[in-house]
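These notes are about the structure you will find just below.
Labels run A, B, C and D following the written order; every chain starts at residue 1.
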Amino acid sequence: MLNIKTIDDTTINERVYQLNLGPQHPSTHGVLHLLMKLDGEVVVEAEPIVGYSHRGHEKMAENRIWEQFLPNTSRIDYLSGLIYNHGYCMAVEKLCGIEVPERAEYIRVITSELNRISSHLLGIMAFVMDIGAFTPFLYGWDDREHVLDLLERVAGSRLTYCYNRFGGVRNDIDREFCDGTRRFIDRLRGRFSDYHNLITENIIFIKRTRGIGIITEDTALDFGVTGPTLRGSGVGYDVRKNEPYSVYPEFDFEIPVRKEGDVMARYQVRMAEMEQSMNIIEQALDGLPQGPIRSKVPLFIDPPAGDCYFAFESARGAVGYYIVSDGTRIPYRIKVRTPSFSNLFVLTRILPGNFIADCIATLGSIDVVVPEIDR
Amino acid sequence: MSSLSGLKEYIKEILTGSKSLLIGMGITLKRLFVPIVTVQYPRRKLTMTPNFRGHIEAIYFDDTKSHHCIACGLCMRTCPSHVIKVQGEKEKAGERKYGRKYYIDFTKCSLCGLCVDVCPEKTLTFSHEYELACISRWDGVIDIMKRLEERP
Amino acid sequence: MPTEERKKLLGELKNSLSGALPEERIISGDYAKTGCHLEVRLSDAGMLRVASVMKEKRFYLETITAVDFPDSFELVYFYSTWHQDFCRLVARIRISKEASPRSVSSVYPEAIWLEREIYDFFGIRFLDHPDLRRILNPDNADYFPLLKSFGKTKLTEEIDDILC
Amino acid sequence: MNITQLPIIKEIYGFLGRDLTAAVTGILIILVFVPLNSAFLVWLERKVAGHIQLRPGPMEVGPHGILQTLIDAVKLMGKEMITPKLADKFLFWLAPIIIIIPAIVCFVVIPFSPMMQVREMNVGILLIFSFSSLTVLSILMGGWASNNKYALIGAVRAVAQNVAYEIPLLLSTMSIIIMTNSFKMSEITAAQSGVWFIFYQPVAAIIFFISTTAETNRAPFDLVEAESELVSGFHTEYTGMRFALFFLAEYTNMFIAASMGAVLFFGGWHGPFFPGLIWFMVKVYILIFVIIWVRWTFPRLRFDQLMNFAWKFMIPAALLNLMVTAVLLKVL
């Protein structure tokens, strides 16, 4: 049943040779290292080697007060930092029993979904670039730039937002932000036809992605795959829907699912998810309540002793914060369950037997963020 | 018969494929004549949004003709990277302290804005400066009180 | 919210778990507080049996983690469903500092990496693990970073004094 | 003032004779033209790519960055030329030199205008084909000698790809040749004074275009240096001027391919009002623009798909086209 072998020198013979794909390689998105054994261009074994950007966030958490871990959260996964930020605040609020004003929850959802769109845009376009088309990448960045401008307007920075606070958010959103977001949504909807014409329907793209890197449901279960990668394999599991948090139950949105489980399916799921995110944002903007954006929270919080697991959906899958508090101002333990960690390990199962080019496509379609794996 | 239909499929695939390629080329050609969206940076600069978070700065208040810093040290304590050093003195015994020196080591700052949040006197804000390249690591240590004096 | 269905699922789960683990304590968790519907406290290496029951029920292994308590380690396993009626189960086991727990990687291959991570950070050696190496820290590291004894420098102690 | 009236030129002319003078001046002109043209093409590519991607491309050096490539060349000349420790030193050194030879030699037979051709040869096209096959030898040498796995994979891909695509290339050219009964570039051009061959031979033109794109290793067939897979393919280990030579050769090969396309299908120098040279250059640059445009639009094929495409589609189509041409020529 287990099909995992580690690479040792004994299996290297005359036909099979080793190739170090990374840590510096144009398409490993950071510092991922794939140790591959190849027979010609066909992969015999692949072993991801991670840890090159390990920064010890979990240890850092044990050496600073609860608030001070906030800036760390957006650095765990720099592409969907706001979602991580949001999740951490919700986890601590759950532990302490802090109520959050409804307006703050709406703002959190709007910014998180904008962040999800920006992350998906980058993920998809970087994946298309891995397949060899450079131009869509920059079209995607053009759109992403608008999201970042919007988020900069409300959060003050463009990548490592430290925007959510315990009990609310830092800044209120203004009229201009709402109008800008609506304009952006209209603009992105108009751009989808271009993307579909340029990428999705392109015969070379179809040939490169159909039937490649198939993750079956059982493999996904074995490896704890979550997020768009799982939804591309025919399982409609999304924490926002299955285990609703924040104000997500109030919105009407679908979870896009594809049956095929191949690279193309994952790409299509991400494309469809962006549209759903836009739906959520529109509904949230329509129903945005008035009121305070932050509840009364002590300057430094002292959570009661206890532990709590809080799961939420980042752009890459189900994230979980397992928080243990011993009743002091300093966390006893914060464990971050990052989706890329599990999503990447599945490569050892699905890569063997593929060409190098397909490996790159598969890796790109899983859309890992390496600092998230390394933490 | 099946091979014939296979051939038919093959030809159909080639035709639709060529069409998709031509459509793609049309999109890129159209973009060739669209005005560029990038900004040629040192020649043109963007203005930052009001909420932009640069390094921190003290706010000038008209009522005291200065900042309101009382050197309570909350910003110093809450800073995750411990980059803030603030010192104050009491002008008269029994009165509140008054912030005299305020340094921030910007090279280690993570721009989280927690210090601005906790400030009880609301005398901290973010600067809108983003051209902060420096040649020595000591250039990254920003003297906030000095900047406040130098500001018009 | 399909609460009825969840109750049914929880009941089934409890039954099959108590069938597999007659002597263990299975308690209902407080979801609003801890985020888990069901809690299993294991006293010895019953986690393999829990894992196979969970695999049968098509739960996926969300994560494994360890907490370094002064006198013991606590290993925490989170399992959750893909179903609409969502359910999370947490299995906890207290082990002594020198103990070698059994690996669940034969049931959930994902655990290979998760257990490697725990070994990497806590120095807990898992039995029957196919590939127990360092994962995030350097291969030649001689420390286990997430132990409470690690990394308490004078500076951090001072900071603690200021803060608490 | 006519340059041929200068006494020194007259002296050389008298000493060397007509043919040799023409050859020497021609080669000198080529040696100047090739680098400058490549520099211009690199700039053009960056500019077109930039504007397709909604950015300006190089803007700083010279007006609209036109001198950027020259500055880059100067920079590359100043760079250290690193040879990997375990590389085959001689072949590593030789490969960039060999790649530049066919690029220059092929210029000899290209008819820029009725009067401007360094050497008229009755096997002009064959010369271009045979010399451009040398390119693959150099790529193989460079890739193998680098002692780098990426470079080796790239080189092996290059060989297979070039062998596969040379056949449809030759077959599509053949259908033109049996129409004109000549291998002479100038005669083929002359035969198109009325109607361009692209109107007689559209299928051959498409096959020719695809095959030359693959022959020159341009996207979507740039598997030899597929960036996202093989880092930089066969020239991963090359630095400084050696790398620049590979670059130079790539763009020169592109120019040769485009000028062959112009000669074979677009009537070479033919065109109203303007002198032949201008028409020729305009056609070549339009073709080059199309190649650049294609590169910045499409994803890359996978290697087995590339080979399948060559053997299962291009070659049968080219053969079919050739047969139809031959039959029609016999019948009509």
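As a convention for this text, a residue touches a chain if its C-beta (ideal position, glycine included) is under 8 Å from a C-beta of that chain, and two chains touch if they have at least 3 such contacts.
It should be emphasised that the depicted structure is a prediction, and the values quoted were computed from it without experimental measurement.
Core chain by CA centroid proximity to the global CA centroid: A. When chain pairs are compared by their number of contacting C-beta pairs, A-C comes first. If each chain is reduced to the centroid of its CA atoms, subunit A and subunit B end up 22 Å from each other. With centres set at the average Cα position, the gap from subunit C to subunit D is 62 Å.
Rounded to a whole number, the gap between the C-alpha centres of subunit A and subunit D is 44 angstrom.
For subunit B, residues touching at least two other chains, in rising order: 21, 24, 27-28, 31, 37. Within subunit D, contacts with two or more other chains are made by residues 52-55, 296-298. Along subunit A, residues 64-65, 135, 139, 142, 198, 202, 204, 300 each make contact with two or more other chains.
Interface of subunit A with subunit D (complex): residues 17, 19, 25-27, 41, 128-135, 138-139, 142, 198-199, 202, 204-205, 207-208, 355-358, 360.
Those residues of subunit A that touch subunit B in the complex are listed here as 64-65, 67-72, 75, 135, 139, 142, 145, 149, 152-157, 160, 162, 165, 170-171, 194, 197-198, 201-204, 299-300. Contacts from subunit C toward subunit A in the complex involve residues 32-36, 55, 58, 60-63, 65, 67-68, 76, 78, 80-84, 86, 88, 90, 105-106, 108-110, 112-114, 117, 121, 130-131, 134-138, 145-146, 148, 150-151, 156, 159-160, 163-164.
Across the interface of their complex, subunit C is touched by residues 1-2, 4, 6, 50-51, 54, 56, 58-59, 62-65, 94, 220-224, 226, 230, 235-237, 242-243, 300, 306-311, 318, 320, 322, 324, 328-330, 332-333, 335, 337, 341-342, 345, 349, 374-375 of subunit A. Per the touch definition, subunit B reaches subunit A in the complex via residues 13, 16-18, 20-21, 23-24, 27-28, 31, 37, 49, 51-53, 74, 78-80, 110-114, 117-118, 126.
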